[in-house]
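Okay, handing you the structure first.
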Amino acid sequence: MKKLINDPKNVVNEAVAGFEAAHPDLVRVSHDPIYIVRADAPVKGKVGIVSGGGSGHEPLHGGFVGSGMLDAAVPGPVFTSPTPDPILAATQAVDGGVGVLHIVKNYTGDVLNFETAADLAAAEGIDVRSVIVDDDVAVKDSLYTAGRRGVAGTVLVEKIAGAAAERGDDLDAVAAVATKVNSQVRSMGVALTPCVVPHAGEPSFTLADDEIEIGIGIHGEPGRERIRMEPADAIVDRILAPIIDDIPFASGDSVLLFVNGMGGTPQVELYIVFRRAAEVLAEKGITVTRTLVGNFTTSLEMQGASITVLKLDDELTALWDAPVHTAALRWGK
Amino acid sequence: MKKLINDPKNVVNEAVAGFEAAHPDLVRVSHDPIYIVRADAPVKGKVGIVSGGGSGHEPLHGGFVGSGMLDAAVPGPVFTSPTPDPILAATQAVDGGVGVLHIVKNYTGDVLNFETAADLAAAEGIDVRSVIVDDDVAVKDSLYTAGRRGVAGTVLVEKIAGAAAERGDDLDAVAAVATKVNSQVRSMGVALTPCVVPHAGEPSFTLADDEIEIGIGIHGEPGRERIRMEPADAIVDRILAPIIDDIPFASGDSVLLFVNGMGGTPQVELYIVFRRAAEVLAEKGITVTRTLVGNFTTSLEMQGASITVLKLDDELTALWDAPVHTAALRWGK
Amino acid sequence: MALDTAWVTAWINRSTEVISENRVALITLDRDIGDGDHGENMDRGFQAVSTKLDTLSPDATPGDALKLVATTLISTVGGAAGPLYGTAYLKAAAAVGSAPELDGAAIVALLTAARDGIVLRGKAESGDKTMVDAWTPAVEAAEIAQQAGSSEVEILAAAADAAEAGAVATEPLVARKGRASYLGERAIGHRDPGAQSSALLLRAAADTAAGE
Amino acid sequence: MALDTAWVTAWINRSTEVISENRVALITLDRDIGDGDHGENMDRGFQAVSTKLDTLSPDATPGDALKLVATTLISTVGGAAGPLYGTAYLKAAAAVGSAPELDGAAIVALLTAARDGIVLRGKAESGDKTMVDAWTPAVEAAEIAQQAGSSEVEILAAAADAAEAGAVATEPLVARKGRASYLGERAIGHRDPGAQSSALLLRAAADTAAGE
């Protein structure tokens, strides 16, 4: 394992300190417990939005703290949900008096720790609502699993809920729009190579030189199937089909097409994937009206990509277009 | 070799097609010969700025095409300078009647091909000026080498020259500010893992499990020395010292600190590097007043990072802060 | 011989040791069917517990000690295991109340409450391939031993044996809760890391009660 | 027997073949001390040249054929080799003018002009570990052979032998031009890829002249 780190135990501490040093105009950082809030938090009269989860998915979530998106991000250890303490502290730090929304990716650990924090915050008199993101169609949503996972679609939920909060929507409305985005967004990913969790020091799984994992999770959890390497277009077809079938997206729909890199994928490859995905959607009569391409929900140095499709309407489009100023997503100001 | 590509020969074609599909508001693309221009090119009365070079360093240069930065980018095959034809065509496409600046990284291939294109453009009556970027302190600038290489500092030259052109500076002034940025910017990188050029199919070099390459070039060219893996802080100290010593930066200076990922480096690691670099600069009395962290000048999937320091003054700071709207760098609009 | 606070602290210290010794093994199990952090999470948590133990007042009851474990695990472990184990110890603490010593019935109540806490939070059923598959057989074995008039030491030994067997018995299962549930059939053949750490903790309880 | 346009086209076709056969070998050499694209660049260029050859008019002179090579390489190879070889063939075309056939003196003029073109663009000197280290000995050997009254075929064979020896002789050198110059002492022991491709091209010239 070769990584640009010091003691593996200090990866999150030191990265957060670096983030603070790099973006003093955008954020303030609490080091104990660890959380990141926007520089002007709490914003009086605005719904606060808190997200978080294990580290290793950067820029998710810290890179999305700032005006028009998250009020706070709570990074746990690498790939491990944060405990309730920092979530509670972050919730208190961003409470502008009109309630706080928790955006939580659907993993048992995240759900349980955010749940405890929400209970504690409620006991402190803060009105907390939670929206669970579960956009990953690789996993069956059945009684026999922990449910679909929250993956790259989370970025879209955070952006759009953030815009709703920024324009002054109340807690119910912000929670409703976040829920709506989650209901209209679907994702699926592919891994070409594994990632190495710093404290583990070894790859989280192995793939032969000619194998890829279809439906990979963002913590290196195995996906739907392990297959032989294929050309990019065939892989795109394979992971896009379950997305389009799931909602179901239909001819005439307008969508946001988001191609996400898993951290170690060259940008040329992301655009090759985008090209094919746009082609397939066009063939189905689905119009791509908004786009996002890049490393936004990563799995450390994993090579691979995920595709996310969000069905848009005028409201969601306007909220997507609304100004945002964070370290990783910025426009309109 | 596992890559999200189809035929290795089509990597650049298809990536550019994907880029066009993803950013129709920002750029137009010519497919034969291949180049990318800003959507509103040519901008009458504005100095045009063209850069380019081998592909595989994305978002450099295509990701920087747009208002406030480049008018055109000319991507060659992976790691191979484009030929004069597309450079000439791009130059013609962005000529707004007041001349065109070529920003060229200092590699024999890039210099010779841009030189030929400039001669041909001049023969067509276009006033072309060239600025060669050579910010890499890993390579000695002596009569006995091809000179220092152009690496991540190129991004800063392109942004600042782009802002000067956008505010209406004439060709001499734009070339002068680009030259000034080049004279005040220094970089050095480190590789933890090699990259794989698609048509080669094998790593461009090998590093043992405990080895890193100090002073790596952005095409995987070897650097100053190959050493044993060290903690991030020690590596930062090692690559920052030659940068600070070179110009020389002095106590009291204001600088832009830019930590660049080589493509396959998790973002937490880039911020760990940033943290230490900022610390070292502070110890020397050098004030970091502007920052940039991310994958901006990459070497495909290489793991590693480079540090770039640019000495700022009021003019450069104002040009850095000026609005920019490109796929990879955006603020102020 | 009823068990007192000294036993609880011995149990905690032994737990810290065995979790640390099994850190890599638990990481490996979790890497196979999860995300490879279970050993790291548990080790971080128990290291914190063992530091916190110094703050325990000399007249603390077993319940006080268990509550300290609970709150420390909740605020240091994270992931799924943090809230689940945290709730387990919290409910165990409540079950033993302020009793200064724990007899066989109290031990059974402690174990039952712990298991119920895990089920309350995690909603897993037996056979879902989770830590519940170590705890439920342990509770059942403890009840049987207690009804048969066994000593506290014997009750805990029966629980530990059953937990270990339960952990092994997760191997052929398909998971229906936690990360391993994403794997479908591919989880077959792998032991659940949380069931394994549960077996380790219950063995530590038995061994320290036996004075080993 | 002077050499005509048929020889130039045979030379070009043979060049296309040997570059394609040596594509991987040239990539490997360039990977060792450069960026691993030389074989790919040259192969792309000569494939394009061989396609373009169909457009050559039946009454084209050797100079016309050489010029077609030059412009095609310039617009398809890229990198350092593209402009350097492009200039070489462009200057060679100019040196032979519109002569329908090339005698020994014309062959020497062709080679000299090619080498001078490379030096003009790249500013490398002998011993800088570049393609010049294949071309300069080739030019010198050709001159000596021509002054000794050798045939065109013998002149080209002497040039090819010298270019091959020159390519081998780059191995112990430290590079002072091109990417390999960044390597300092580490370039020692590796053959320069451009010198090697030059030797291949000159061997193709000799072999086709000899009717092989």
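We just call them A, B, C and D in the order they show up, numbering each chain from 1.
Keep this in mind: a residue touches a chain if its C-beta (ideal position, glycine included) is under 8 Å from a C-beta of that chain, and two chains touch if they have at least 3 such contacts.
Note that the structure is predicted; figures quoted are calculated from it, not measured.
**Student:** Report the chain whose mean Cα position is at the greatest distance from that of subunit A.
**Tutor:** D
**Student:** Round to the nearest whole Å and give the separation of the Cα centres of subunit B and subunit D.
**Tutor:** Spacing between the chain centres: roughly 32 Å.
**Student:** Indicate the whole-number Å distance between the mean C-alpha point of subunit A and the mean C-alpha point of subunit B.
**Tutor:** 29
**Student:** Just curious, how far off is subunit D from subunit C if you go by their C-alpha centres, in Å?
**Tutor:** About 76 Å, centre to centre.
**Student:** Which parts of subunit B, given as residue numbers and ranges, touch two or more other chains?
**Tutor:** As it turns out, subunit B has residues touching two or more other chains at 78.
**Student:** Would you mind listing the residues of subunit C that make contact with two or more other chains?
**Tutor:** Residues: none.
**Student:** For the protein chains shown, what form does their contact graph take: line, ring, star, complete or other?
**Tutor:** Topology of the interface graph: linear, an open chain of contacts.
**Student:** All pairs of touching chains?
**Tutor:** Inter-chain contacts occur between A-B, A-C, B-D.
**Student:** For subunit B, which residues are in contact with subunit A within the complex?
**Tutor:** Touch list, subunit B to subunit A: 2-7, 11-12, 14-19, 21-23, 55-56, 58-59, 63, 78, 190, 192-193, 195, 209-210, 212, 229, 231-233, 235, 259, 263-276, 278, 288, 291, 293, 295, 298, 300-301, 303-305, 327, 330-333.
**Student:** In the complex formed with subunit C, which residues of subunit A make contact?
**Tutor:** 54, 76-85, 107-109, 112-113, 115-116, 138-139, 143-146, 149, 197, 199-200, 202, 204-205, 217, 219-223
**Student:** Inside the complex, what are the residues of subunit C that reach subunit A?
**Tutor:** 27, 31, 34-37, 40-41, 44, 74-84, 121-122, 176-179, 181-183, 186
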